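Some structures to go through are shown next.
The same subunit A turns up in both complexes below, where it pairs with subunit B and then with subunit C.
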Partner chain A sequence: MRQGRAWRRGIASCVGRGEAIAEAIASPLRRAHHPVADLRHHLGLLVRLVGAQVRSQLQYRVSFTMDFVSSFLMFGFEFGALAALFVRFETLGGWTLGEVAFMGGLTAVSFKTMDMLFSGFDPPAFGEHVRKGTFDAILLRPAPLTLQVLGSRFVLMRVGAIAEGVAVFALALWLVDVHWTAAKLAFLPLVVIGQLAFFAALFVIGSTVTFWTVDSIEAMNILTYGGHELNQYPAHIYPLGLRRFFTYVVPTLFLAYYPTLYLLDKPDPTGMPSWVRFVGPVIGLGAFAGAMAIWHIGIRHYRSTGT
Partner chain B sequence: MTHHPSAAEAPRTGPVIERPPLAPLIDVRDLAKHFTMRRRPPVRAVDGVTFRVAPGELVGYLGPNGAGKSTTLKMLTGLLVPTSGHITVAGRIPWRERRAHVATIGAVFGQRTSLWWDLPVIESFDLLRYIYRIPAERYRANLDTFRDLLDLDAFLQTPVRSLSLGQRMRADFAAAMLHDPTVLFLDEPTIGLDVVAKERVRRFVRHLNAERGTTVLLTTHDLADVERLCHRVLIIDGGRLLYDGNLAELQRRFGGRRELVIDLAEDVTDIGGDGSANRLDDPRFAVPGADVIARDGPRITYAFDRDATTAADLIARVTQRLRVVDLALKEPDIETTVRRIYEERLLDGA
Partner chain C sequence: MLLYAIARQSFRRHLTYRAAAAAGLLTNFFFGIVRVAVLTALYDGRPEAAGITLPAAITFTALSQAVIGPLAAFSWFDVMRSVHSGEIAGDLLRPMGYLTYWLAHDFGRALTQFLLRGVPMLIGYVLLFPWIAPAGTHFVWPQGGAMWAATGVCAVLAWLISFGWRFLSNLSAFWSPDARGIIRFVFSLSWFASGFLFPLRYFPDWLQRLCALTPFAYTVNAITEVYLGLQQGGDVVRLLAIQAAWAAALLAAGALVLRAGVRRLVILGG
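This part shows the complex of A and B:
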């Protein structure tokens, strides 16, 4: 360090406006850190970005409370409607109300948590950044781009929707007698993570596409929200074509339906091999890794063409 | 002082102690950016531009709309990757070392903010302090200076989205300078501002350049910015650099004639025998070396070439012949000069 300072002084004496230049050249030295320290700094930045937004959103306490309450009312209505259907039909494709609620709650918690954590990658919001040119501000700051996008938006109000999912899941646990084993307990969080990662991947891909065109946002939304909706009901009640699409093209069925078959010991009327019940988390994380690769291609494209 | 090209590519984490100070702070050579569009010929937004900027210079980058100003600036700030050519800023290649590069530059794009839209200004500053790892005492000192110079106190706690354009601009300027960048890139920094706000921004830029030695490259449509701030201008059109030199020289070569406006003691409006009023060739007002170009009651306007006559000579000659109560000397404004250059393509083939 002392050596560095002496060096800096040396340069400062060489040139007229030496100090500023020496500072500029020396600054990477000051900023060159150990990778672990760097990682801690980046995570600290994410916490700060999110924290600042949470604070500013909590200033609107009334609207926040209203949203939370209305989320719960929505939950009441939705669950009531579903329960009414079951009064009439008793089961849905052989599943009881509790079993449908189990998968629906699981899906809702995963998706809504993703929706909150990845608010910055919500394609319409991100597309707006690109369209208005504010994405450039992110490129102009010396911090990882992905992390800055993640921290660029945080919709705290999603907490209401997450709570709704938790409530549905809790109700399901009360209605269904799940035969818990250690393996099932270990698998449950993986199912949530897999589903979260998969839909996050769809968000990231949807955002990346806005580097080329903003017209495709709706098409992407159909996959994201359609896939999410479909994951709330037992898949074998859907027509074969739809099921095939969401198995082989956008494989959302592996994320909630097949894992639920395992968790609730349900038979598989679709006739898939039994190992497919466990691939959800792998598919989710794999999709996320693929999405990140596409995201980086998108950034390279943006930097070669601008907007 | 020798140039070590390898130093620029050295890994950031390695010991780069030996990097010498490079003579030009900004070095642009044969820079080109072509945009290809479907079923259309490629657009040569920047087409072979070469210039250098030394530390501490304050340079205006001018050109009509679509000339390639913003595209150049985007490449200098590392937002865009050039099609071909070469740029180094403080010895770094902007797009190849994005993070190290942007850590040492400041940028203000007049049309859009770099602050967090929903956060109070001071929170944005605090986040920037963290991102750039600005030492606490530097941050405090800079913030104090900028609060004073830019009069930020009234809106430090206000969310950026609620700021007026002038306030937002001032906040953006402070944000761009908190980390003591060596180079400041400004794209239309006074666009849409009122006269007072423009003057404040210009004063701030002058302060940075004079007190801190910050090198500034600015694009603008407002030639008053250039007149007040820049000694040197670059003029670009059609992606090509047409002029690189000082402003006075540009004015001397391409500026129109200077004007002397005098007010006489009495109204000299007259109607000639042929019915024409205020004839410009009235012999009573003829002065060698200048032409009467306008008459309005007691007011007469002369035009003269700076090379043929000095202002002092002309004033002496005029006051000898006429009873003058007031006079004013008007320089051709840079606005007119630059417009002439664009419209008449005076610099083509230069």
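This part shows the complex of A and C:
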């Protein structure tokens, strides 16, 4: 009986929300165009779309809690295993546990936040839309495409992994005596934003590629998840070929390793000029701009699968 | 005979996804290389640590990546899905036990994964060894026929244990619609305690002892120990015996929990 009522209420509120979203999408058609008003409208729309996702995922509270705990622990165990090795080996490529945790925490926070914000652009999930033809429905709606893709999926569960990244970073701050300066404090958020933008760019490019082929997703995984893995350890331990590829072809290493050298005042065994420590955020945002350009080219050449 | 037929069907079905296997292989190999770099840096010129030489440690990374497929080390929700979707109703009507059915099915899957991902991974490591390991060192193989045989037996028992805990954790689907979170938690625990991330020998003693209390330690870590010859003679026999005991215990527990689950199962028609 109670369940039945709750169910009916759920349906009613779903219908209500659906109408609200449809209303929000359609409203600019009735409004005169004005850049600031448009931007506000679009942001409002994104908040509504994401809000709907968040609400629906929070409906199953036990499920959410379990997922939160398990994704927190999953990365916790991985870091714990590495930490346990430091008892025996003491350093990794001349870095202490705290220093490795500093970079690992920074990378985890950036990557997992990106993974949550850009869930809609996660290539396997986006590729499904293209393959099934549901992407066509998005094209028909009178709202910016990119915004709709962003709002189409929001994996709230990732906050567990983000929390784990924050915990590892906090542990690092406790273990390492960082010589903070105003410049470093200002640079730190830029490092996070740069890395977030860089991996978001890889997600967007990976999604764009699915307009042409869905077979290449695994190969993209090496760049995204592989890149995330690489940015957890000091880069000078990698073989030269690997390092060169992720420096000059896919410049992943500029996003975490070199900025960390600056933040922790570490020497650079790779012998790069000292200014490369600061280019990370620029590369990240540049890659993101480039990815958006590729994305728009992809949309223009999109041919529906017809399903 | 029926078991053989199911295993063969499962083998064929998984063999269809060769392209996916090749791509997965490449990803596993990449992560293997990163692990080699991390271990080499940790060794930092030491000839050996915790009784494991550097070439043996590098061989371990090959083994750990090679078992991902056969032991389904990342995820396995098949039984959970069959319970949640109601497909289990059809499975229960089969002229054989539900557990036996999945055991045969998983054997076929593990065998394909071993051939498509395990063996090529080892071959890839052997071919690329001169580039990824210090000069003058070699890929490590089990020493002598007896150790090869022991490694084979150990690997089969490891698969049985792995199936045992995967099946058992999937059965939580009978009680909870949130089984995915529970299963995922068990998997993340297994990464740590099975010696999949790093051989357990590297850990501090108390942590090794803690891990040895779980069945996970008798999967990847047992294979590492026997393959690399870290255990010899009677110790190997003892290890295999413990493995067999864990496998039997987990399968028995699986059968018991399954019976309790099926009793409370309600299938809705439609």
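Odds and ends about this structure:
Here is the rule we go by: the second predicted complex is superposed on the first by the 270 of 307 C-alpha atoms of A that agree within 3 Å, B and C clash if a C-alpha of one lies under 4 Å from a C-alpha of the other, contacts with A are read in each partner's own complex, and residues count from 1 in each chain.
The rule we apply is simple: a contact is a pair of C-beta atoms (placed from the backbone, for glycine too) under 8 Å apart; a residue touches a chain by one contact, two chains touch by 3 or more.
Computed from a predicted structure; not experimentally measured.
Of the two partner chains, subunit B is the only one that A:143 touches; subunit C does not reach it.
Within the superposed three-chain model, A:56 lies in touch with subunit B and out of touch with subunit C [touch as defined at top]. Using the contact criterion defined above for the overlaid structures, shared-chain residue A:242 touches subunit C, although it does not reach subunit B. By the touch criterion defined above, A:69 lies against subunit C but remains apart from subunit B after alignment on the C-alpha atoms of chain A. In the superposition on chain A, A:45 makes contact with subunit B only, not with subunit C. Of the two partner chains placed by superposition, A:179 touches none, neither subunit B nor subunit C.
Touch criterion met: A:233 reaches subunit C, while subunit B stays clear of it. Against subunit A, the residues of subunit B that register as touching in their complex are 1, 12-13, 16-17, 19-21, 25, 35, 55-56, 71, 74, 77-81, 90-91, 95, 98-100, 102-104, 107, 109, 111-120, 123, 127-128, 130-133, 159, 180-182, 212-214. For subunit A in complex with subunit B, the residues that touch the partner chain are 3-4, 7, 11, 14-25, 27-32, 41, 44-45, 48-49, 52-53, 56-57, 132-134, 136-137, 139-143, 152, 303-306.
By the touch criterion given at the top, residues 60, 62-63, 65-67, 69-71, 73-74, 77-78, 80-82, 84-85, 87-89, 91-93, 215, 218-219, 221-222, 225-226, 229-230, 233-234, 237-239, 242 of subunit A touch subunit C in their complex. Those residues of subunit C whose C-beta lies close enough to touch subunit A in the complex are 19-20, 23-24, 26-27, 30-31, 33-34, 37-38, 40-44, 49-50, 131-132, 176-178, 180-182, 184-185, 187-189, 191-192, 197-198, 202-204, 207.
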